[in-house]
Structures are given as C-alpha cells and as structure tokens.
Amino acid sequence: MKILIVNGPNLNALGQREKDIYGTDTLEDLENQCISYGASNGIEVLVYQSNIEGEIINYLYKMKDIVNYIIINPGALTHYGYSLRDCISAIENDVLEVHLSNIDNREEFRKTSVITPVACGKISGLGKEGYILAINYFILKNEK
Amino acid sequence: MKILIVNGPNLNALGQREKDIYGTDTLEDLENQCISYGASNGIEVLVYQSNIEGEIINYLYKMKDIVNYIIINPGALTHYGYSLRDCISAIENDVLEVHLSNIDNREEFRKTSVITPVACGKISGLGKEGYILAINYFILKNEK
Amino acid sequence: MKILIVNGPNLNALGQREKDIYGTDTLEDLENQCISYGASNGIEVLVYQSNIEGEIINYLYKMKDIVNYIIINPGALTHYGYSLRDCISAIENDVLEVHLSNIDNREEFRKTSVITPVACGKISGLGKEGYILAINYFILKNEK
Amino acid sequence: MKILIVNGPNLNALGQREKDIYGTDTLEDLENQCISYGASNGIEVLVYQSNIEGEIINYLYKMKDIVNYIIINPGALTHYGYSLRDCISAIENDVLEVHLSNIDNREEFRKTSVITPVACGKISGLGKEGYILAINYFILKNEK
Amino acid sequence: MKILIVNGPNLNALGQREKDIYGTDTLEDLENQCISYGASNGIEVLVYQSNIEGEIINYLYKMKDIVNYIIINPGALTHYGYSLRDCISAIENDVLEVHLSNIDNREEFRKTSVITPVACGKISGLGKEGYILAINYFILKNEK
Amino acid sequence: MKILIVNGPNLNALGQREKDIYGTDTLEDLENQCISYGASNGIEVLVYQSNIEGEIINYLYKMKDIVNYIIINPGALTHYGYSLRDCISAIENDVLEVHLSNIDNREEFRKTSVITPVACGKISGLGKEGYILAINYFILKNEK
Amino acid sequence: MKILIVNGPNLNALGQREKDIYGTDTLEDLENQCISYGASNGIEVLVYQSNIEGEIINYLYKMKDIVNYIIINPGALTHYGYSLRDCISAIENDVLEVHLSNIDNREEFRKTSVITPVACGKISGLGKEGYILAINYFILKNEK
Amino acid sequence: MKILIVNGPNLNALGQREKDIYGTDTLEDLENQCISYGASNGIEVLVYQSNIEGEIINYLYKMKDIVNYIIINPGALTHYGYSLRDCISAIENDVLEVHLSNIDNREEFRKTSVITPVACGKISGLGKEGYILAINYFILKNEK
Amino acid sequence: MKILIVNGPNLNALGQREKDIYGTDTLEDLENQCISYGASNGIEVLVYQSNIEGEIINYLYKMKDIVNYIIINPGALTHYGYSLRDCISAIENDVLEVHLSNIDNREEFRKTSVITPVACGKISGLGKEGYILAINYFILKNEK
Amino acid sequence: MKILIVNGPNLNALGQREKDIYGTDTLEDLENQCISYGASNGIEVLVYQSNIEGEIINYLYKMKDIVNYIIINPGALTHYGYSLRDCISAIENDVLEVHLSNIDNREEFRKTSVITPVACGKISGLGKEGYILAINYFILKNEK
Amino acid sequence: MKILIVNGPNLNALGQREKDIYGTDTLEDLENQCISYGASNGIEVLVYQSNIEGEIINYLYKMKDIVNYIIINPGALTHYGYSLRDCISAIENDVLEVHLSNIDNREEFRKTSVITPVACGKISGLGKEGYILAINYFILKNEK
Amino acid sequence: MKILIVNGPNLNALGQREKDIYGTDTLEDLENQCISYGASNGIEVLVYQSNIEGEIINYLYKMKDIVNYIIINPGALTHYGYSLRDCISAIENDVLEVHLSNIDNREEFRKTSVITPVACGKISGLGKEGYILAINYFILKNEK
C-alpha cells in the first residue's frame, strides 16, 4: 500500500514560524515521522510540497494511479482552490483532508473549505498527530 | 486514563436507518468496539447517549473531574447547541468533535458547527473509525 | 389504523392565551375532538405533548412501530429543532406538519421551517380544523 | 355555497409531465373530482386555469362577489406574483393556498411564497388530496 | 401637449378597498380629475389601465410616438416588472413614476423599485394629488 | 399658511458644482423662487440650510409650532440621519421629502432613505421644480 | 427538422433603440436571416414574439410536439420568469437560451438567470450571430 | 410581593470557571444575596436553575400565577431558545432579562437575543449587581 | 462621587411626544429626579443634553477628569454614532448605556448598537427608572 | 486568421472522468477536431492547456499579438481567477468564454463567473460543439 | 503652495490614549511636525480639527479656494460621514485620505470607507509618517 | 538597507494598456525609478515580478532574510491570494501594500483586500509615486 502526503502553500515554513503553536519540528521532520510510521506498518509513504496550486494538480494527475490513498493539507488553498477541488474530484482516489490547527476557530474566511465536499473526510486541530491518524485511517480501512 | 464518549440526539438510532451509509452496527456495537479498543490499550472508555441537550450538559458537569478526555458526536446539536458549546467551554477537559459523515458535504445548515470553536479538534467523514482514531489521538497526546 | 398527534412546546397553554385568536378551547379539548373524529372513522388517535425537544424525540422512537401515521405541530421547534428534524427523517413514518396560525404571516424567524423538508406535507393557518384535515388526509391516503 | 378553484401557470400540463410524481390524472380529472366532491356535499365548485398572471387577476375581480371562497394554486407565481398578491388582498374573500408538492423541499427559490401572507392558510405536499381537504376546510368553517 | 397616464395591476379596484386610506373615489373618478385638470391647462390627458404587464408594454410601444409625456403607477409591477422597465428604457419618452401611498413605509419588498432607475423622477405618498402634481411637472418642464 | 423649507448638508454649494446637472442657480436663487411662488399664492415660505445634523434638529424643534408644513431635502443625511428621522417623527408636522436628483439611480448607498418612513411623501428627480410641486401639494391639501 | 425561435418582451423594439449596440436590423430582419439560414440547411425555422409571459407559455405548449428544438431569448423574463422556467422544464424539448448582449456585464439583476438551470445551454454576448450559432448547434447535434 | 429568579444553562457552573471575570461566588452565593436583598425589602425571592430549556418552560407555567415578577438569565438560550420566548410571551408576567457580561461585546452570535423582544427590559454587563438592580426595578415599579 | 448624565438627540422632546409611552415628565423632570436621588445618596449628579454628536464628544472630553462615572442615553446615535463610540473608548471612565424603551423590540435598525461594545453595561426598556438604577449601579460598584 | 484555444485547469483530464457526461474523447481529440475544423475553413487553430493560472497569463501575453482571436475555457478559474480576468482585460483581443457543461446548473459557486464581464461573449452547456461554434462565431464576425 | 490638514473626531485626544500604539505625541505635536516639514519645503501647511462633521464641511467650503491640496484623516466619519463625502466630491481639490492605523485590520465596521471613493488616494497604517508622506506626495505631484 | 519591490500578476503589462490612466512608463521604467531613488538615498532596491502566486511565495521565502523591508503590489491577488497572505504573515518582514489606482473606487470585488490585514500599511491611488513614498516610509522608519 502506498500513501501520498501532499502539503500545500506555506507548509514549507513549518517549524520556522509561530513555534509556540506548532513546535520546532520542520516539514522535513514531519514528513520523516510519517514515512517511519508508514514503514513500521508496512506502508510506503510518499511526500510532496508545493506553493503553486497548478503544480500540485499536475503532481496529483501524475501520481493518481501509483498511490492508493492521498492525504492532503491544502494550506490556504482550502479556502479558494477550486481548481484543486476539481482535480481531487477527477482523480478517483480517496483523499483525506488534514489541518494542523482548528481552522474553524480562526479568521472568518478560514471557516469555508472548498475541498471538504470532495474529500472522503477531514481531521483538523490535532497538530502533527493528525497526519499519523490519517495514515492510521487508511490502514483500518484497508483491513476491513 | 479514562475517556468519555458522548453521543447526541438520534445516534441511538444507529444501525436502524440509512444502513447503506452507516452499515448495520448499532450504537451498542459501536460503543463496545470503542470499549474493547480502549481496554486493549489500557484505557477505560465510558459511554453515554442522550437526545436531550440539557441532560448531556448535566452529565458533562458530573463527569468532568472523573474522566481525562472527552469525545463527542453532538448530532444535530452541532448546528444550534449553544448551551452545549458553553458547557464544553466551561469544563476544561480536551473535547474532540467526531462526526460519522462528512457534514460539510450535506445540507447547507450542516456546514456550520457551533461546537468546533470550543473543541480541540475535529474528525469527520471517517465513519466508526473516526471514534477509534479519536481514542488513538488521546493515547498519542498522552505519550508526549 | 393508528395516528399519533404530537404537540410541541407551549401548546399546553392553548386556550389560556391569545383567546381572541385561538378561542377558549384547551389542548385537552382539541385532543378530544381529534380522538372523537378518529373514533367516528374507525381510527385510534393517540395524543402527546411535551415542552422538551429530546423527550419528543424519545417518544417518537418509542411509538414509531406502533402507529401508522404521525401529525406534528412542533411549536417553536419548527424554527430550530434540527434534532427533531433528524428524528423525523430517521423514523420512516409519514409525518404531516400542522400549524394553527399562518406562520409565514408573523415574525421573520417564523418563516423558516427546518421540519418541512422532512415532512410529507404541511397544513397551516386553518386553526384546529387543520388537525381534523390532517387526520382526513391519512384516511384518504389509506383508501387509495 | 360556491367555491372557486384557480390554477395558475403550467397546471394545464398536469398528468403530462413528471408522471411518477403526480400520476396520470390531468387537470380536467382533478377539476372533475373537485366538482364531484363538492356536488356530493351540496356545494357548487367552479374551476379556472390560466398561464397569464393578469388574466387570473381579472377573473378574480369578476368572480369575487359571485363565489364564497377561493382555493388557489398559484404555480410559480407563488414566488414572484406580487400583483396577484395585491389582488388577493384587495378582494376580501377567504383564499386558501394549495400546492401539490412540498415546495419547501425543492429549489431554494420555491421556499419563498409572496402569496401566503395574504392567504388565510396553506396546504402543501398532499397531492390532489390537498384540493379535497381545502374544500373540506370551507365546509367545516361554514358549519361553525 | 399630450400626456398618457398608465395605471398598473389592481388600480382598477381603487375606491373599493381600504377606503380609509384611499377614499371612495374610483379609478374612473381619478382619471376624470386628471383629464379635467389637463383640459383646463390646454393639455390632452389620455388614460389606460391593465392588470397584464405585457399588455401595458404593448400599449406603451403603440403610444410612444403619439404622446409627449407618460405618468405611470406600476402597482406591484414596481417591484418585479423588469420587462416593463426595459420597455420604459426603450421608448424614449420622459416617464414619471407615481405611487398613491408612501411605498417605503410598508412591507419590506415594497422598498425596492425596479422602475425608478429608468424613470425621470418619482412622486410617492401624496395620494391622488400625486397625479395632478405629475401633470403639473410636465407643464412646468414644458414652459422652460 | 407658513411653509418651512429645510436644506441639509452641501445644498449650500448648489449652482457651484455639477452645473451640467443642476444648472447655475444657487441655493439663494432656489429659495427666492420658492418664496416668490409662495407669495403669489398667499403663503409665507421660510427657508433654512445647515450642514450640521443637530442644528437642523434644533431648528425644527424651534419652528415646529410656528409653521404649518415642512419641506425637507436632507442631502446625504437621507441615508444615515437617524437622529433627524426621530426628530421628524417627534414634531408632528407633515414633512415632505424632496430630492433634486433621482437618488435611486445613483450609488448603491443612496437607495436607502431612513427619512422616508417618517415623511408624508417623497418627490425625487424633478430638479428645482420638485420644491415648487411640494409647495403646491400643501396648497392642494389645504384646499380639501 | 423544425426549430422554433421565441423572442420575449421588448425584442419587438429591436433596431429601434440603442442602435450603436444592436445595429439597425429589426426583429423581422433577424427572423428572416434565421429563416434563410435554416432553409439553406434544409431546416424549417418558425418564429414567435410576445411581450406577455403567459402567452409565450401558451404558445410553447401548443408547439412542443410540432417542433424539434427551441431557441429562446427570454428578454427580461430571464431574471424573474419562474412560470416560463417551469414551462420549459415541463415540455421536454431541448431549449437553448440566447442573449444578444453579454448580460453578466450589465446591471446586477441581469446576472441571475432563472431560465439557465432548465435550458440545455446558453449563448450570450454574440449579437445576432448567437441565433445563427444556436441553429448551427442543433444541426451539429442532429448529425451525431 | 414574590419575585422568581430563573437561571438557564451553565449558570450552575458560576464561580468555577473564568474566575477572573465573574469572581469566585457560586450560583448559590448569588442566589443567597438576591434572597437576602429581597428579604430586607420585604420581598420573597424564589430561585431556580436548569440546563434543559423545556424544564424551564414547564417551571414557568407552574409558577406564573404564584409569583408577581420574573427575572431571567437565559444563558445561551438567549440566542436560540424560541420555545422559551414563546413561553415568556404566553405567561403574562413582566419578565426582565439579565446578563452578567456585556453580551454585545463578545462573539457575533451573542449579539442576537431572541428573548429581548418579549421581555419588558434588559440589564447586561453589570455582573451580579444586575440581579440586585432587577429586583430594585420591580420594587420601584410596584411603588408607583 | 460625581456622575454625569448625558442625553443625546431628541431627548429634549421628552414628555412632549408619545405621552402614552413615556408619560408627561419632561427631560427637566427626569434630570431633577436623578439629581435628587443622587443628592439623597451623597452623590453629585450633573446633567447635559445636546442634539449634535460632536458637541457631546467635546463635552465628554471636557468633563472626563471631573466626573467619576458617566450614564449615557445616546438616542438615535446608538445606531450610527461611531465618533461617539471612539470618544467613549478614548476617555477611560466607566460609561453605562441607558435606553428608555426596549430598543430590540422596535424597527430593525434599532437592534444594532455601535455604543454597547465600548460601554461597561446596558439597561434598556425600564423607562425613567433605568436612570435611577444606573446611578444605583455606580453606588453599588463604589461600595465594593 | 489565427485562433488560439486555451483550456484551463483539469481539462487535461477530459475523456478520463465522468465519461457518461463528456464522452470518451480526450483533450487531444477535442483539440484535433478544432484544428481540422479550422483548417477546412482556412483558419489556423493553435491550442494550449495549463493547470497553472499564471502560466496561462504568461502565455496569453506572449501570443496576444500573434493570434487574432482567443477562445478560453477557464475551468474552475472561472470562479476565482481575478488575475486571469485582468489579463484578458489587458490584452485587447476578443476573448470568447466556453464551458462544456451548463455551469449555472451545478454547485452554487459555479454560478459566478469573474471572467464573463471581460469576455466578448459566452457559450456554455453545448459540450465539445461549443468550441466549434466559437470558431464559427469568429468566422462569421470576420466576414462582416 | 498651501496644504490643509484636517483631522476629524477624536484626533484631539491623540497622545492621551492608547499610548503604546500611537506614542505620546499630541495632535499639536503632529501638526507642528507637519508645519515644519512643509516650511522646510517651502510649503505653507494649515491645520484644523473638529469633532463635528458639519463644522468640517463648513470649513472645507471656506478654505477650498485658498488651499491647493487637502489631507484628511476623517476619524470615525470614515465609516458613515456621507455628508463629508459629498462635500469632498463638491469641492474640487485633490483630497488625500490618511489613517494612523491599518483600519482594515480592526473591527469589521472599520473596513468600509465611504470617503475613499471620492479621495484621490489613501495612506493607512503608517502612523504619523503617513501625514509626512502625504505632504510629500503633493510635492512630487506638483513637480511633475 | 535593502528593500525588495514585488509586483504581482499583470503588472508586467504596465505602460502597454490603459495609457490614459497609467501613462506610458513600463514596469522596467518604474523599477528603474525606484532603484535610482533608492541609490540616491543609499539604499539598495531589488525588484521582482511574477504572474504566478506560488512563485512569488517561493521568492519571498528565499529573500526574507536578505532584505530588510518589502513593498508589494499584489495586483489581482489582493482579492483572493490567501496563500500569499499566509506567506506575508509567516515571513516576519514589514510588508507595505501599494496600489497604483484607488482600488476602493472600482469594481465591487476590488474593495476587499485579503492582504491588508497582514501588511504594516497601505498606499493606494497615488500612481507610481506610491512606490517612491513607500521607499520613503522605510527610510523615515529606519531613522527613528
């Protein structure tokens, strides 16, 4: 089983800003933890990050037949990335939306997700553990 | 460690309606799976269900010092249960919001959650696995 | 054939307030008229009233397999009783919504019914006759 | 006692479209059932249909002193027929609004009725039986 | 100089409803007063009334080159008669909008006029005197 | 009979700006035309202008028992002068609202008048003639 | 193959107003061009215009079994003609919506079309060529 | 004279949360202060608290003829308790709405009170003194 | 202790309009009652009224270091007096907002107070007693 | 004559998803059909697709002086691509907007096009024929 | 060259409130810095402050022909001063809007400026330097 | 001191469109003027332009530790570039928003800036001088 983890705009800056909220782990640290967790469960975890919406779309089309499941943290594209939305709808993989913070609990515009309606589910507010739980979900789902 | 799972209005009907979506497991089945999963991880899982908002509030005040963490599926109270919201805010336990279905993907009124701003996080759309992941989250959190 | 008539919050006060609009008949009078009308048509009419949303839900689950049809005047729950709505949707009985007054013709908030989308139909503004017509409807429907 | 039944735009097409919902009865069938039902209760039922808002208004002014009560299904004029609304308000007959389908349960624009505030009541979602119940209402009302 | 006075839906019922507001003068009385007032100022006043939007439009196209100025009370078409609006915009006569009552002071929907943006001006709330003032305006305008 | 004409903020600049629309007549010219017109009809016309909302209110309280009728062009206070509105409502004189231009035909915010609901009527879009017609209205009204 | 072209309110005035935008061709010219274009492709093109919504509806019911396809320019009915909408939905012909101008590019109210959701497609902003293209579309469609 | 003080959902938690805002006095302390203050003014003060909307309604119907005046802090029901609203409207006692904090100064949803339109007045933001002032008000009112 | 009572626009007309609601006491009567009540509690009560927003602001800056507390009834400035709001925020005295009537219970625009968010509390709907209670509040507050 | 056809995000996936709606033709098939149709009419058709908004903008600036006309299907950029909008406005070529499906007939957000106000026209809902008609339009336009 | 700097309501309190944000400089300090900066560039800077909207308007009409350019910080009038807006539009001087703080970054109501559409430009969030830059702008503009 | 000037989508087209508004200077001209102005004040000015949101984000992360201050004209990204917003918030440089035109004075959608809340200030409507003033601001700020 292969799982792709996609991080959207500004997640490259993880661990370098608002450290009181997110801690000092960088994106690389987070990705490595996911890869390790996957490996210890016999799953190959692939990782990708881009700040350009269209590049993420290009990558998703390229990988859609290679991976089984996709975990995506769309960053701010959550709120206006209608092209990304159409892409998630077009590829027919199960896509699980993850957010580090509780996005309903911040600025007004963050309450609207254009991605959720085409995702199979959402995990938000649970920090980096949210990614581990997402991997876990696909393991549980696969077992059924 | 003790975790309380609270299910709100109409979750007593689980397994008896819309079986194509939710399967044939009843609320009791779901609760037993959570209790077993907790037990196998050395955690006591307590369960509660009520169709009356104020009864849930009464129960939360009674249990708040007895349990460590709370998992809540507020049912339709998600959308208008401001009293429940104030209660979750008043008790200072971590409360994790869980929904069986992807509520952003249904009727318009289901897109607004008055509970999320006072919850520590949200898991939605992942079916009964969402409850297991929620227990899992508190285990991961406790380990840190 | 058994028909259950459910009256929601504040309908217990019927005949005691705004007598110029509703007349001096109490809820008991109204219920008795419905029972008599039913009896004279060979139908058993059951009646129930509660001011607590969750109690109405509990009662509906208890009665859903015992009665054939349900007539409900949700009182002010019409406008915010999303839990009651989900309950009506879950039990699979035909539920007919009745209002004594023409609710579209009063305060702004009374124009929105969260119950109507899950009811089979609505009768409003016809006073106590609305309940008789509702019973009548189920007789006509049954005859077909 | 004379009752006028007015059907608005597109009700001439009844029985010719969406037969799975409305059945195969035509407008003429419906009107005849109402006339028969009236006759068997000693009431003269008159019928009228037009697709032109202003023609309905002209007809209502012509008939207002001839009939006792009016039953109207305004079709789509329900949502924008402000001229019809002013006419119903001007003639001082009791006018009862009837809809075949549960209009609150369809497209967003169908949730607003500009007619209801000037009608004495509303029956919706009960199919052709709605017309029979409306006649019934005026009989009950007349008896008091 | 020729002035056309057009009255829209329901103004045929003038003097027959809400007499405490509008008095007992009928539409014919109002029209005769306008014709007399015009005659005594050397102006020919023509009058027209219809309850059908499209008939008013047809009439305006027929008369646009025959009359100099137009006074219109669109009745409820004021609030949704976009076809009438386009017609007033297409014929290039000065069209003055008149309302008997102060329409900003009644139901919410009466606050929006789709006609005003294409009219040269508006007189409202001044009763039948509003029509006389409108004729007066065109006399003053003509004198300049 | 005494009529007071009140002009609100920026009407002091009449004839000095947007001359293509309003012509070159100054406020003084307009006031003099009204005074002359009044005089020739045996009416005393008083005039007042201020750019300060509260000063207009003070003046209205001072004059309310001295004059019979009031004509007011509130300028931009039309859209937010709730204090002026309460004043017009408190003094019990008939107050007629006049606007030089067709205010429904300009910026969005100009479509809302907070004054109209407490005025006896409105004349807009008819330029300086609007003031003459307003005086005329009170003459006609007085004759009845 | 027979195609019916229906033009709604005010299109009778084509070529007589706003000539800088629409040119000097009249409705008759436009209709003749369509008829010729059809004839040269072996298609019978029928034409109809009315300023009365209900008359258009009556005509559509009369013609629906006689013609294969319908091209409609609803004029201002585009924005509020819910009765026309229901009619287009009821007759089961393919109906193609055409507008001479780019209606999304004008007043705010013109951005909403109540017709589009029941039309098979829309061509706007392409002037009289839009009608020719619409005929062309049905030819292409028929060839498949 | 008897005054009933009703506290709604979550006021049982007073003094146990947000102590920096509300101090350390519990609900019991507050109630005792009100009872003492009443006693020293010759008034019997009764107290009640519930987290269940319908229970408060039941209690109000039971007490309405026993007490002269009612002071209510509806807690979060302020914002959605339409059933409570109808109850306050139905019992004909003067009901005074009290809030500890300045509710217009917090989250957006707290700005709307569905209770205020049926209350005789409101005191908010004055902490526990608000209750004493409310008792005071009924004393002043009674003296007149 | 010195308390300043500020009355905004139109409160000078108290006792002269809507006497059925407010009684026949004038502003001077009300002010004298407040001064007497203050005197009998050893407090100096100062009073001020103006119809000009900016004058009230000027006066508040002048008095802010002279008085301990401020009671303000902003009249219609409640709904749009953002400058007054900034002034209340700038002076750091406790300012208590008072309204004679229940402003949430009147026209829609009166439901929004731009002053409340910067006031320490609000008393509304309690008539002239509201001022006495406000003085009372500052006495209670001072005693603590 | 040269015409450029630009396809936006996700149109690369054509023929691979939702085949029941769009058929099995790929983007390449569609582009080849357009090129052939152009060639048979003596027109050079150029094609371009990108999933990145800014790349499309770069390409449009590069090509604007090389091609005569542009046909664009902006995909989901239709709803939020304000940068693309400004680009279309800046280059002064005629740009015709094309959509395969009837976008007004899908999710709410698809009803708003930010592109239409700067396009010369729009064709939607006509499938791949829409592109052919668009080419046809520029031929007709060129002939005039 | 003469530049007038106008400060609106509450700017007289500068340096006396929220000193952590604005520093301890008073309005007089700010004005003196502007005068000095102007003097050293050969420009006469005039200053004015008022808390009364209408007084500012009076002053602007008085000075409009005396000064070349105007810099205005309208304080809270920014959000509702439609009379000031009309005045700025009427005088034909270039008026530059300045705000000390980033007003889009505070309460919701501060995001709307009714002044900006009639100003030549806006500088906000740059503290007192914003005034110096504004003077600078007019120098640069004058040099061209 | 190093200042980076970033220009967003379509600013590459400067001087080539709408020359009556922006003049004939190209982006290169503007950038050179800024570089010269910086040089003459001992400041190194760097310039960057891209039409791709994500590329701008990439560039900002690359340069954030190299430059002291940033001036950005986000072009149309101002209205929907939430990813850019998060980036500006993440890098901790002072970022000053500049617009050539007065964006509050154009289409409705241009009134909302998603960038302003995370910028330190905004200069708009002052043409190319806005950039010079922005550089000036950082010089003034640095001097303090």
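All chains are identified by letter, namely A, B, C, D, E, F, G, H, I, J, K and L, in their written order; residue positions are counted from 1 within each chain.
Operating definition for what follows: contacts are C-beta pairs under 8 Å (C-beta built on N, C-alpha and C of every residue); 3 or more make two chains touch, one makes a residue touch a chain.
Model, not experiment: these values are computed from the prediction.
Two copies of one chain, chain E and chain F, form a contact in which over half of the residue numbers belong to both partners.
The geometric centre of chain A is 48 Å away from that of chain G, both derived from CA atoms. Computed from the mean C-alpha positions, the centre of chain F lies at a distance of 31 Å from the centre of chain K. Our note on geometry: chain H versus chain L, Cα centroid distance of 55 Å, whole angstroms.
Taking the mean of the C-alpha atoms as each chain's centre, chain G and chain J sit 23 Å apart.
Shared contact sites, meaning residues of chain C that touch two or more other chains, fall at 52-55, 80.
Those chain pairs judged to touch are A-B, A-J, A-L, B-C, B-H, C-D, C-H, D-E, D-G, E-F, E-G, F-I, F-K, G-J, H-I, I-K, J-L, K-L. Residues 8-10, 12-13, 16-18, 50-55, 75-77, 79-80, 107, 109 of chain H are the ones that touch chain B when the two sit in their complex.
For chain A in complex with chain J, the residues that touch the partner chain are 52-55, 57-58, 61, 80, 82-83, 85-87, 90-92, 114, 117. For chain H in complex with chain I, the touching residues are 96, 102, 104-105, 113, 116-117, 119-126, 129-130, 132-133, 136-137, 140-141.
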